[in-house]
Each structure stands twice: as C-alpha cells, then as structure tokens.
Amino acid sequence: MELGLVGLGKMGGNMRERIRRAGHTVVGYDRNPDLADVGSLKELVDGLQAPRVVWVMVPAGAATQSTVDELAELLEPGDVVVDGGNSRWTDDEKHAGELAAKGIGFVDCGVSGGVWGLENGYALMYGGDAEHVAKVMPVFEALKPEGEFGNVHAGKVGAGHFAKMVHNGIEYAMMQAFAEGWELLEAVDSVTDVREVFRSWQEGTVIRSWLLDLAVRALDDDEHLAELRGFAQDSGEGRWTVEAAIDNAVPLPAITASLFARFASRQDDSPQMKMIAALRNQFGGHAVENK
Amino acid sequence: MELGLVGLGKMGGNMRERIRRAGHTVVGYDRNPDLADVGSLKELVDGLQAPRVVWVMVPAGAATQSTVDELAELLEPGDVVVDGGNSRWTDDEKHAGELAAKGIGFVDCGVSGGVWGLENGYALMYGGDAEHVAKVMPVFEALKPEGEFGNVHAGKVGAGHFAKMVHNGIEYAMMQAFAEGWELLEAVDSVTDVREVFRSWQEGTVIRSWLLDLAVRALDDDEHLAELRGFAQDSGEGRWTVEAAIDNAVPLPAITASLFARFASRQDDSPQMKMIAALRNQFGGHAVENK
Amino acid sequence: MELGLVGLGKMGGNMRERIRRAGHTVVGYDRNPDLADVGSLKELVDGLQAPRVVWVMVPAGAATQSTVDELAELLEPGDVVVDGGNSRWTDDEKHAGELAAKGIGFVDCGVSGGVWGLENGYALMYGGDAEHVAKVMPVFEALKPEGEFGNVHAGKVGAGHFAKMVHNGIEYAMMQAFAEGWELLEAVDSVTDVREVFRSWQEGTVIRSWLLDLAVRALDDDEHLAELRGFAQDSGEGRWTVEAAIDNAVPLPAITASLFARFASRQDDSPQMKMIAALRNQFGGHAVENK
Amino acid sequence: MELGLVGLGKMGGNMRERIRRAGHTVVGYDRNPDLADVGSLKELVDGLQAPRVVWVMVPAGAATQSTVDELAELLEPGDVVVDGGNSRWTDDEKHAGELAAKGIGFVDCGVSGGVWGLENGYALMYGGDAEHVAKVMPVFEALKPEGEFGNVHAGKVGAGHFAKMVHNGIEYAMMQAFAEGWELLEAVDSVTDVREVFRSWQEGTVIRSWLLDLAVRALDDDEHLAELRGFAQDSGEGRWTVEAAIDNAVPLPAITASLFARFASRQDDSPQMKMIAALRNQFGGHAVENK
C-alpha cells in the first residue's frame, strides 16, 4: 500500500525504512529537506491516491496539533490520519473530532521499540474505529515484530496512546527496580562482582527481562557506570500516567516513586532538603552545611 | 558426584530429580519418611564418601540452624555444607564460622526458579571460598539452566543469599509495576481489552519479561482476576532488602512501596486510615463511616 | 461595610455570623430559601451599594462557574467578586479574565478553619491585585483569627487558592504522619497506653501541633478508634497538589503517599494486589485466596 | 532528691541545670573534667545516698553499654539506672536484665526538647516497672514542661524509647510535609511571598504547629534558605522506626519516604540514577551526561 509519513527523525526515519523493506510505498515529509521525499505536506497528500493513510510522527503538542490542523485542510473524506507520536491520550479525542468533522478518520498509535525497532520491529498499540484501523493494518503488519505478539487494537480513540503511556509508566518502575537493586549490591562489600550477578540473572530467574539484558550491556561498557552522571530526564508519559491514576483514584506508589526519583536527579541542590536542614538546626542545634 | 540433600519439599524434591537426571547420586533426607531416601541425618552422612557435600534445603531460621548444628557434629574436616534455603544473609557468616571451627566448609546459595525449575533449571547465586565452591560445582552445573547464564559466584560467604535477596527485592517492584499498570488500564473505559494489551507487550516493547509472560498466563486463566482476593504474603526477602538498604543508607522507594502494598493488602481494615478518618471528622466535621 | 455572600452552607453560614459579629452588614443568598436573606442573586446585588463586594462560597467547579457567570452579568465596573470556595487555582485566572472584561475585580481566597472557624477565626490566603484586595480587607479582618497571623496576600490571582491547596497537601502528610505513628504504637505490646503517649506529646515535643490535639480528642472519644472504618475521602486539593508538583517537576513523596493511602482505603479489594497474588501463584505455586 | 547524672554534653548539661533549678541535688560526671562535678563514676556513686538514682545521658550504643556495665558493678540492690539517651528500644531489655541480676532497677526514658528544653522543659516518655519509675518521679517532674502534659509512663521496659522513636518518625514526616510544600510554593510564579504564606499559617489553620513556627524562624533568618545546602543527616530513630514497622508488617509510606529523602540528600551523585540514565541510553539512544 501507499503511506504518507510526516516526521523523519530518529524514529520516523527508521520506520520509513522498515515499511519500505516490507514492500510498501512511503512518501515522507520532514521540515528538514535533507530527510524529506517531498517539499510540503500538500505535495505529500497530492502524491498519494485516495483513500489515503497519513502517519504523523512528530513531537507531541504544538507540532502534532499544527500537522493535524493542516492535514484536516488537505485531506479528503475517507482518508485516515494516524498519530504515531507520543501524544497525550487526552489530545486524541480532540484530533479525532476535528478530522471527523471533515469525514477523515483518525487512529492513535503508541509505538515502542526505540533504536532497536528497525531490526526487531516496533510494538504497536492503537485505538480507533475498526474501519479506520483496517485501512492502516498493512502498515501495522510491516512495523510490528515478526512473532505473534507486538500489536494490539486496544480500544476506542485514545486507547492506543493510553496503553503506550501505561507501558512507559511500568517501564519507569521496572527501571527503578533494577536501579535500586544495583545500587544496593554496589553498596556492600560481600558481593564482589555485581556485574556478574546481573549477568547471571539473565536465565532461570523471575526477573529475567529485556531491561535486565540492557543493564548487562551497559555494565559491560562501564562496569560501575563511573562515566555517567546520575541524571534522568522524563519524557511526559510517566507524568501523564500518574495524572491518569489520580483522575481514577488508583494508587500508583512504585511508578510515582520512580518519577519523583527522576525529578530529584535533576536538582543540583534539593530545596526541600534545605528546609529539612533548617528545621533540624532550629530545634536541635544540628549543624547545617553552608554552601 | 554424590550429594546429600536435606529437605525434600516442593523445591528440594524437584532439585533432587534434576540433579539425578544429570547423572549424579543424591541421598535425600526429609523429616517426612515418605519423601526420604534415608531415615536420619546420620544415615545420610554415613552413606556418603568423604569429602562430602551436603545441601540443606529447609526453611530459614530455626530449621536451618538446627540442621547446621547437627551437621557440624556429624561431618568431618574437608566436607562442605551448602545452605540453599532462603536464609537471611546475616546468618551465613555465623553458620560458616560454626562449621569452620570443625574444619567444614560452607557455601550459601540463593536459588530462583520456583515450580519451573525442574524443567528450566534454577538460577543460582552462591557465596564462599573458591575451594568450597569448587567442590559443589558439579551440582551447580546440574541445577542451572542450559544457557550460558544462570549461576554466579557472587562473592564471600553471605553474598549468595544477599544477591538472591536483592533479586527478590527487584522482583517485588517489577511485580508491583505490572500490577499498578494493570489496575490503571482496567480503571478506564477507553481501553476495552486489557488482556490483549498485556499480551501484545510480549514482543517489541521495553517491558517484555518473564513476569509479563506470567501475567498473560494468569489473565488467560481469569481475564479480570475476578476469582482472586487482592491479598499478598511476603516471604522475608523483601523485608530484608529494605533493612539492608537502611543499614547502607540506600534509598529504595519503589521496592519499599511494593513491600508496604503487600502489608496493607493483608489488613482487613487499616488502623492508620481510621486515624485519618478521625482527624478529618475532628477538624472538618467530615462524615466518618462506622462499622 | 456591606458584603454580599453567596452560599450559606456549613462554611458560609458560620462566616456570615462571624462577619456580622464584627459589625458589618451581610446580605446572604443561598439556593435554599430557608438559609437565604434574599430570594435571588439579582436581589442580592440590588441590595448592595456600589462599589460592591460579593463573596462566593459555593462548591468548586460548575456551581462556582455559574455563579461567576451570573455575577458578571449583574455587577458593575468597580465591584469585586471574591471566590472563597475550594476552586482549583487554574480556574481563577479564567474567572478573573471574564470579570475583568466587564471592569469587575476578582480576588481568590483560600479559607481554612472548618467547624472551628466561627469561634477561632478563619485562616485566609488571598490572591489578586492590591486595589481589589483592599476593598475586601474589612471582611478579611473580620474573618481572620484574633492574633497577628492568619491572613496573607499571597500574590497574583490564583495565589490564594494555590497556597490553600499546598496547605491541604501539607495537612495530608501531617495527618498521615500521626496515623502511621499511631498504628505502629498500637501494633506493639510494650507500649501499654498509646492514648496517653499521644496526650503527653502535646507539650515539650517537636511534633506538638493542632492536629495532635485533635488526635487526642478523637482518642478520648474512642480509645482505639474501634467504631470507625479505615476509610478516607479526599476533597481535591491533595490531587491538585500532586498535579502541580508534577507540572513543576517537584518530587513530593510524602504528600503523594498520603493521597495514595486514601485512594487505597476506599477499595474493597485491591485490583493491583490481585495481580500480585496471581503472579506469585504463577511462578512459585504460592497459594492464592479465592473469594 | 539526689541524682547522679552521667554525660554533661549539650543535652545533659542543660538538664542538670533545669533539675537544679527545681531544687534537687545533681552530681554530674562527664569524661570531660571541665564539665564534671566528680572525677569518676565511682566517685559519683559514692557521693550519693542509697537508694540511688543514676541518669545516663551518653551516646547510644557502645558508650551507653559500657556505662551500664560499669554501673552494674558500682551500684547496690535497690538503686535505679535511667537511660535517657537515644538508645534503640531493643537494647533496653538487655540492660534491664543485666541490672536486674544485681537487684538494680532500670527505666528507659526518651527525651524530646533539644536546645529549647532548658527553658521550656523536656517531653519525657519512660518505660519500666512502676516501683522504679516512682523513684525517678521527682526528676521527671523537674524536667517536664510546666503544663499538664509532657511526660508519660508509656509501658514496660523499652516502651519509653519506643515511644520516643515513633515520635521522631512522625517528626521526620511532618518536616518532610512542610519541606515539600515549601519547595512547591517556591517553584511557582504566582505566589510572590512564600515566607509570608508560611507566617500566616501560624494561626487558624489545620497545620499550625511548633515545626511551622520554627520554619518561619528559619525563613526570617534566610528567606529562601539560600545559604544552606540541601543535606540532612539522620540520627537513627527514623531508621529504627521503619525497621520496627517492617517487623510488625505496618505500612509506613510517608515516614519511609522522609527517611529515604535524607539518604538521597547525602549522595553527591545517585548511583541508581546512573543506572536509569544507562538504561535510557541503551533502549532509546537518549543522551547521557558524562561527568
């Protein structure tokens, strides 16, 4: 089939390649002309036969919104837009409504796979009406891993991004689990080879997992991670997961702890711990450390 | 080689079988005569040629202590005792010292694998002197999974149980991660098939893991876990992990949250939340619910 | 001065009384005619001399929005609306803008004091332009406690509700602190009189506080809180505090733990702990409890 | 009455002064001869009439143990030893048993009050047999605050230190509550005067407390705590509180979060966040920051 693909960065570029390898035609557009197959969204739309499928793979928020707005003007009834970026699930219903007003279908799709996706395939979670999903299916088949798993029609519009968001929330807590365990092992004298302990866990244990494999890879590069700073960004999905939990009164202690650990990692000095120091000094005369 | 194996319960019985399948001789003792090969520890020791290796696989605490005490009387210099149970790592040095006073070696070994170990092999983490470990190695080779991973000499006496304890701490937080994510997905309307979302994650995602596979199995048995009570025991290692972290001033927020969630799951009514209800009533006249 | 007061429930009714005791004129409106001084918002507005101050004390959300909408139609340039309810701070800027378009001022005011406010005074945190705040000042003076503290101009529009929201977030964690301590003391045998321990803490300790005094009152009513269910609602400010923290990448572990404990207290059975139980059963054959 | 007082540091010295002001005789011993009234423990014991009361106010652990050991040799049946230091409650039963073997009584006493105790009095929580407590009562009366609260016979031997430990656990979470709220207020633009918000809370609010008063004092010294490092020690009681909770399967999320925040504040770089950074880099090619 033919696919229009908007956004050819690290993710989008690899996805174009994987879809082409599956024998489909991809017309790609990117603001960066060095990456693009066509010079504008209009050219991209004109270059596809109706009914069209256009996959949007640009940053969540303003960039996705303006792309959807523009596609709403350019596309025709019967076409379908897929938002494969990291949009907040709450944006999906708005985008779907805006496009539906013009007779254009909408599918939201969470994509997991990172830099490994080109070779291993991408896990896909999508939401929307069955008829719209059906039009995109050949592309989903091209992108997904080769095994029997890796793609799911999760539910209504928004369900794809919601499922991907929860995936990332789980990912935060799994990473935190390994990180806490690693720090504790490194802190004691009796365990003399923490890296080999991690390596051994890759078979036969309850915690064997791809993240564990990656941890071993990282330790093989730098046994004590001595070259790294203990500093972690967060990309939105963790925050949204906690917000969704609050909206639904679901307690999420481990995932939230993982998010907060990242926040704290980015502070040069902790304001709240200054207050703790100040209070200890006030009631107990405990020494404070001045800057 | 010959091995004496003390404790032939769910774990020990399967381990005897796996070691025998590898061609070794196992003389097993259990308090339950229906399970045992010999009638007493003395018979077990007498039935092995020196230098002997005796693997203890009985409940941590009093049962392990009394078995070690008895073996210290029965064994000879040059023999080795392996504690493969779930002992607290702090017990190992005591046991090693007690046995060393008689010239008997000691190796502690954390064993992971549960009911799957007989077929898939057991992950093994052991601690102790190299000469003692060497004497047990054929048994480790028999028990471990077939791949290149799954056993490690983690360090000094105690390191095996310490590594296994941290494994279990990580396991607690990974389980909690999936559990939190599952509850959140079940709480929203837009995701119409949570089980299929979990199933899809088994390939191509960052969170693919054996625990995820098991979650899918559990959901295949009972899609919404409607037959289960939300009630979870803990078996000691989670508590010890947090205590070890406190001893080493290592923050462990996700693992500890997972432990506390289990504690709370076992309370019919939460005493602390009674106090919250009482305080809200005191200052705000907020309604309380009486029993 | 004259004040229009909309909403004469538990809080509003007591506030009317306290303001009148201070010698001011209050014209009160409530949908419930048994509580109201006038029959409509229009009558209320007509009964006040310009420039008017109208204090809105109705539930956050739709009720506050519709009252603000109606007042925007009824009031005149130079009048001021005070939102003294529990509105989310993000609503304030919208309300202020809507009123400013008609030349009407807006002040948001967080009010603390509960059922004790009539006698002890209400703590007030307000936000808005100095000229608008000045018009309300006599009412603030009437409502506040008699000492030198208890009211603050916290900043711009929204700052009052933001400060009150954070106050409540702190309150959640302080309540949780006492609740956790109480549960732990009740759990051990050596401490034979937990209520008297709490009572003793009311002087000389670092934790002496009004909440502690209230805890002692509650224990005097019911020494072991045996009549209560461990069940706590939350009224929005705790959730908003965590959301604001997430927006600002501020880690809030203790306040969030307190919020999640309330969520969990309202679940008959914990879905996430069902998943934990299911996973333990899958890998270890651990017994589950069926319903 | 007469009291022997061992340990005349910051706490002990002030306590000697307060007891003397109440008209009692205090014979003080300290290793530092500049502080001491007598040159040795033996001189202290010889200088008191039987039945004696000797209050030990030295660091927990080895110093307290050796003092108790020495007093067990020097004192006579009918005498009483009070441990007023910060001993772990688990040490008390051991000390009581050791002294009881010689007919000497033992009372453990948790003392709160810090640098303010000399003027305001010390809150006291004590454990032990009624007959031993009775012998110390005049000293308790001298030390306690003037109001009706501030001292309690909490239960059996160990109950005093246990109650004081829980007091400190609660204190940790209350401090953390104010610290989190303060950081959040400082993080937003709309609240222009955070210090005045804190000051206003001192009356009429639910969170009014001595710790709040101290926070205002600290902010008056340094409005944004700009001179301090966000660095907090912990003195043992917080750790023991969490350990006691684990022993009793009591969930303690807010207190534990407060303890872990202190641990993290003391790390120059967080090992666990290095692992998070390494994993993000592995799966997503996310940039890491090198040292």
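In order of appearance the chains are A, B, C and D, and numbering begins at 1 in each one.
Criterion: a residue touches a chain if its C-beta (ideal position, glycine included) is under 8 Å from a C-beta of that chain, and two chains touch if they have at least 3 such contacts.
All figures in this text were calculated on a predicted structure; none of them were measured in a lab.
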* Which chains, if any, touch chain C and chain D both? -> A, B
* Asked: Any idea whether A-D or B-D has more C-beta pairs in contact?
  -> A-D
* Structure fact -> Across the interface between the identical copies chain A and chain C, with over half of residue numbers shared counting as same and under half as different, the residues used are same
* Averaged over CA atoms, how far is the centre of chain A from the centre of chain B? Could you give it in whole Å? => 33
* Structure fact -> CA centroids of chain B and chain D: separation to the nearest Å works out as 37
* Measure off the straight-line distance from the CA centroid of chain A to the CA centroid of chain D, and report it in whole Å. => 47
* Which residues belonging to chain C are in contact with no fewer than two other chains? -> 114, 176, 178, 180, 183, 187, 206, 210-211, 250-253, 257, 260-261, 264, 272, 283
* Quick one: which bits of chain D touch chain B in the complex? Just the residue numbers, please. => 206, 239, 242-243, 246, 249-253, 256-257, 259-261, 263-264, 266, 272, 283
* Write out the stretch or stretches of chain B touching chain A in their complex. => 89, 112-114, 117, 120-125, 127, 144-145, 147-159, 162-163, 166-174, 176-178, 180-181, 183-185, 187-193, 196-197, 199-212, 241, 244-245, 248, 250-255, 257-258, 260-261
* Asked: In the complex formed with chain B, which residues of chain C make contact?
  -> 10, 114-116, 175-176, 178-180, 182-183, 186-187, 210-211, 214-215, 217-219, 222, 225-233, 253, 257, 261-262, 264-265, 267, 269-286, 288-291
